[in-house]
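Sending over a structure as structure tokens; questions will come in a sec.
Order of writing sets the chain letters: A, B, C, D and E. Residues in each chain are counted from 1.
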Amino acid sequence: MSDPVLSLRDVHTDIAQYHILQGVDLDVPRGGVTMLLGRNGVGKTTTLRTIIGHWKAKSGTIAYNGDEITSLPVPARARAGIGFVPEDMGIFADLTVEENMTLAAASGPLDPQRRDWLFTVFPPLRTFWHSEAGNLSGGQKQMLSIARAMAEERSLYLIDEPTKGLAPAIISTMAGALRELKRQGASILLVEQNFAVAKALGDTAAVMEDGRIVWTGAMAELAGDAELQERLMGLSMEAH
Amino acid sequence: EIRIAHVYGKTGPFEAYAKQSHDGLMMGLAYATGGTMEIDGEPIVVIEKDTQLKPDLGKALLAEAYGDDDAHIAVGPVSSGVALAMLPVAEEYERVLIVEPAVADSITGENWNRYIFRTGRNSSQDAIANAVALGGKDVTVATLAQDYAFGRDGVAAFKEAIEKTGAVVAYEEYVPTDTTDFTAAAERIFQNMADVEGDKKLFIIWAGGGNPMGKINAMDPSRFGLEIATGGNILAALTAYKELPGMEGATYYYYEIPKNPVNDWLVEEHMKRFGTPPDFFTAGGMSAGIAVVEAIKAAGGAEDTEALIDAMEGLEWASPKGPMRFRAEDHQALQVMYHFRTEVQVGKDYGVPVLVREIGIDEMDIPIRN
Amino acid sequence: MSSAPEHKPTFAAVSLSEQIGTAAPFLLIPVLVVLGFVAIGAPSSWLTLTVSGLAMGTMIFIMASGLTLVFGLMDVINFGHGAFISVGAFVGISVLMTLGGWTEAPSLALNMGAVLLAVVAAMAVTGVLGWGFERIIVRPVYGAHLKQILITVGGLIVIEQLIHVVWGPEEIFFTRPETLKGAVTFGGAAVEKYRLLAVVVGIALFVAMRMVLRRTKIGLIVRAGVENGEMVEALGYRLRLVFIGVFIAGSALAGLGGVMWGLYQEVITAGMGEEMMILVFIVVIIGGLGSVEGAFIGALLVGLLQNYVAFLEPKLALVSNIALMTAILLWRPQGMLPVVKAK
Amino acid sequence: MTQTLLETDGLTVRFGGHVAVDGISCSFRAGELTAIVGPNGAGKTTYFNLISGQIPASAGRVKLLGEDITGLGVAQRCRRGLGRAFQLTNLFPNLSVLENVRLVIQAHRQKGFSLFSMADSHTEMTTAALAVLERVRLDTLRHNTVAELSHGNQRKLEVALLIALDPMVYMFDEPTAGMSVDEAPVVLDLIAELKADRERTILLVEHKMDVIRSLADRIIVLHNGALVADGPPAEVMASDIVQEAYMGRELEDV
Amino acid sequence: MLVNLLSGDKPRSALLTVILLVILVALALAPFLFPGVRSLETAARICIFIVLVASYDLLLGYSGIVSFAHTMFFGLGAYGVALASVHMGRGFDALVVGAGLGAIASAVVALLIGLFSLRVRAIFFAMITLAVASAVAVLVSQFSGLTGGEDGLNYKVPRELTPAFRLGEIFGVRVSGKTLNYYLVFFGSLALFLLLLRIVNSPFGRVLQAIRENDFRAEAIGYRVVAYRTLATCLSAAVAALAGSLFAIWLRYVGPDTTLSFEIMLDILLMVVIGGMGTMYGAVIGATIFVLAQNYLQTLMGSASEATTAIPLLSQLLDPDRWLLWLGVLFVLSVYFFPTGIVGRLRAGR
């Protein structure tokens, strides 16, 4: 595979007085799905927020398509082609679904074809196109948040726990959508707790522990090695 | 030394008036002491205090002036509300307070105490003077005033006085103090005055911001043969009078009207010091200044308050408005007022109040209300 | 590529009352006008009161328009708006006074030219002032209403005092340009000429603002930004620029309002804007935050009601606006046509 | 036949024209854990909202211990024994983890209106709160403010508050969403313990099939606001409606 | 014991403790430390405003309710005493009755307003309180027969509380009724303050904080939010009224500008923020600093502009008549440098 689309080198991030990221090294290969895994509170979300720029990295470098973006303002990173699905979904509750999507298409009007494609992936968006996003169900909000990131062609997607609160049927269609993006050449960095999804989607995986990446490799390798999972994530396939 | 405290609202909405009043006071002291600022060798010290137009602060400051600074006489303030709060302090400290230019009747009325004197005119003097100026047989008047105590008292006094002249007050309109749109008021007045016969006037009593004259005039009251009338005001405000040439009323002071040495000196000196003619409240300040000096001279010193009071009751002195007299009953200074008509004059960007006639002290019987 | 299973939530018909409810605010004005006619009787008086009431309404709208952006959309409780109104008036009137030749000439063209120059100057100055205000005063307090109130009141006081320093403490009296003096009389009604100018300006402004907010994403960006700025930036928008821009626009509009109001009053004081603030807030609130239409209707309501009430029962004029606000908030706790939800 | 604790009868709500919950009649018995499943937007959370009173019903009734509580407000219902944990975490962000739980205990013991005693002098409440935190393994974080917690830990606190409330009817809305696979069991074991107490009844909204299999005595299925299936897990899981509308295809064969 | 008096709410900062002690001692011995008329006025004012501000903080800082009607309650208390003294005649009974009725009236009005918070959002609630307050101001000026209108009311308090009542000397300071009056104010304020301190640290106080944080969830765990909010509003209104009564007893004058004006409302707001929202001690510090500034800023500036007469514009800006300018600057700076208030600063900087 060619050079990574995104690479973090020894990234440290503080939140308030806490030292959260303690030297993260991470490569996201171009055109692949990279799973970012780990227990609760190890720093996955913080990593994503540092990449998009919501937290500023205290030290270390973040390179995107070979250019350093460590000190770019957030909008600049977004316009460089990074799409972001935050953990809390970050939907605009007071705006309608339509308005949320209109905003999501930052570089012009929303392309009708793309919109219809998103409708087939997340049907409720069509049904509730004109209703207030704040009134959507938990899962529907999650869908909107993902759809928003997909509203325009992006070359890198940062997605934080997209499947939480989604019904199995939607999960599988969403998985399909992500594969579709990948097919179009996009790269994806995906935080996921649902191991089945991770296994089905991930090409490569990185596992975090206490603000560091403690293991990287092929997803298949991790999926195949129960004892490794046990050690890294206190998880054994048997239980699930 | 003789300590005079000037306790007045230097800052706040009345800042402009306050400045005039203070300049006047200083010039009055200067004039009455022949520029020496000394009375029988005793130097005069003027202590300034800013009430910020807050009654509680005024109270504290006057107490401070009498108590801490040991002032013999205090002068001020600008606002009636502050003045009323201050009155009891004078009584407590048994020192004289000369009220200038606060106008509320109750200062020399129910809230008065024997330590209170007032050189400024009170509202009834204003109202009555206007009544005398406007009144007469088969004159019908409508009034417009702000809907609070000050406005209503003014109209009451005006009505009482003008009815003595044979005129009738056919209609009274009161509007909220902060009114900016006078359409409704005008309409009501027009409706009520439209089919009145004879000589019709609309008398306006207005304090503070807003400018009812201009707005009502713009609605062309002449359609109903209605003439606008009102009292005098500071020079700046006379700009609005320019639109109403020929308007009549009674004013307290306009620098070109009084003809006497004191006023001549005031105008000349003011021009010299500030390059502008003296204004409405400058004259008042000066009257107070002169009164202070005359009183102290007459009492032979400022130490003994009782002596001061005796000397001041009935004291008569020469002010920019000619002779003034503290009447013994309520310590209100009686003074002439001026019946004027506005004229547009070249080189003046305001409507000039030109003297029609001087209204003598005994033409106005100002009720004693204490 | 798969698609999700069927999803058809059940929909019942929306009741008629709900449909009427949405239209109600737009009906208020005509209803009020008719009620006015019934209550007042005398047609000429009714005409005078109605026309000048609506005119007063548009003047209030001009002053409120800026606040619908800053308070309505950006959710900033900006008492500085009052100061901008005053500054606008002082700058504008000063310009007019230096153009004495133009204003005293009985030529509509010259007079309008002078007024136009005054407006431009005022909006320029207040716009710049707004820019500085946003940087220094408002930026640290986005989202914190209380601090907004305090810090902007601080700014208000400072600016007012600076007006004192520059223009002196006296109120400045002046007279309108020649052709704007006096009234036009028709059918026994007399309406100040100047009010007609105000109507024209107000309506033009209303249409322009509506266009901008409809045709661009600015409104959306601001609303979304207030709710979740991080996310708006993550979508690629330079939120700061948008906020600054909108704030400047709001301030400039305050300047415009100041000139118009000053010309109406024919006397200006440093406190004139502050005195209007409560009224202006009321207008924005009853209109519904962020809604230009709402603010416009609200302003007209205030103007009309003031005149009618003052004519019918002056005592009540003391509280008519307060009553109006309370009534409307009891009827619609979010205001008539809310665009933004109140916090 | 154990006693019925909670009962809904033709419970319905409309938003504008949209019927989000469509005449659901259902009763829940003590000692029973009922899983509520259904596609996103089926009306599960809204059904909870109607039961706990967050949203007023357009039609239908809610009965607790046979008593009609439809007219009561949220707080009153809560005091009568309806406990609710939220799908989207909903806590007191700037208070400490301990204070969050302590407040619930204080509410449960109705101490809210004591004006002149010192809160800290009520040590018994603090100890009770600590006990609850230990059960969800958050005692180590008790002095952190909630805003400082990671998402997963906030989910655990959400559960802790419900347990501290000690209600008759527990309503869990996707308690393990976003919880890591080693943390989830902690919560699930807790729920199992609660179940052991035969006095209570538990309503559980969950999308994770394995969780449902391991805990549920009964499953009800909502679809487009209506109750479309009700019965023992195996049976319901097998039904077409669930396979079609809910499960969709299994991930692997996408 | 002491801890109990403070309801276990310790200053939690050495420096803060020292400052508070200094203020306490200074106020307790004011008549003897600063015998001047003016300084005693200032001291009394500080005492009263500490209570007023603290009562407002109960609403704002602890309950997150923003009301602009607080001066109205302050006024109700003041007018209560004034009217009682006018109509019942000079006497302690008048003071007690006036204060009592004032407090009750305030609580009732607060109850009515409180019910609004049911319907409208916080920010509109603030605007409605603003409207109600201004309506009351209008009424006061309308019923001038009763209230004295703009001019306000002068009245007499018992002779024992006036300077005329002489009691000889202590440490060379003349002790008079005024001194007694001051101590009435001082101890009255102290008691009210400690009461508030207790309330905010009671279980009730904790609930208020919970509601401020997340009223939706507070309701969901069984607290009837409206009931708590309303009670908080009533309590704070009643205390504000009592502060007003003390003020009236001290001033022997009430008028709209002294008790009802929006200016004072803003001053209160600023004092809360300077001191630090949601901490009663903030009220103490905020009120002290602000009242001192208000009373001595002008004097200070006077000398400052003397010193700078050379520099034209600056001396113009420092002219005592421009004191408001600097007050405005104070507003701005206090928000800048004390985002969490002085108390917040001190506690953080431990």
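A few notes on this one:
Everything below uses one rule, namely that a residue touches a chain if its C-beta (ideal position, glycine included) is under 8 Å from a C-beta of that chain, and two chains touch if they have at least 3 such contacts.
Fair warning: this is a prediction, and the values are worked out from it, not measured in the lab.
In summary, the chains found to touch both subunit B and subunit E are C.
Steps from subunit A to subunit E, taking the shortest chain of touch contacts, total 2. For chain pairs C-D and A-D, the one joined by more C-beta pairs in contact is A-D. At the far end from subunit A, in terms of centres built from Cα atoms, lies B. Subunit B and subunit C, compared by their mean Cα positions, are separated by 38 Å.
Centres computed as Cα averages put subunit A at a distance of 44 Å from subunit C. Subunit C and subunit E have centres, each the mean of its CA atoms, that are 34 Å apart. Centre-to-centre, using mean CA coordinates, subunit A is 77 Å away from subunit B. Shown for subunit A are the residues in touch with two or more other chains, namely 124, 169-170, 172-173, 176.
Shared interface positions of subunit B, defined as residues touching 2 or more other chains, are 15, 147, 176.
For subunit D, residues touching at least two other chains, in rising order: 18, 39, 41, 245-246, 248-249, 254. Pairwise chain contacts present here: A-C, A-D, B-C, B-E, C-D, C-E, D-E [touch as defined].
Within the complex, the subunit C residues that touch subunit A are 1-9, 217, 220-221, 223-224, 227-228, 230-239, 340-341. The touching residues of subunit C, when paired with subunit D in their complex, are 2, 4-14, 18. Against subunit D, the residues of subunit A that register as touching in their complex are 16, 18, 38-41, 45, 87-88, 124, 131, 135-143, 161, 164-173, 175-176, 179, 193, 195-197, 200, 233-235, 239-240.
On the side of subunit A, the complex with subunit C involves touching residues 52, 54, 73-75, 78-79, 84, 86, 90-95, 99-100, 102-104, 106-107, 120-124, 127, 148, 169-170, 172-173, 176, 180.
Considering their complex, residues 77, 136-137, 140-141, 145-147, 149-151, 153-158, 160-162, 164-165, 278, 281-282, 285, 318-319, 322, 325-326, 329-330, 333-335, 341-343 of subunit C touch subunit E.
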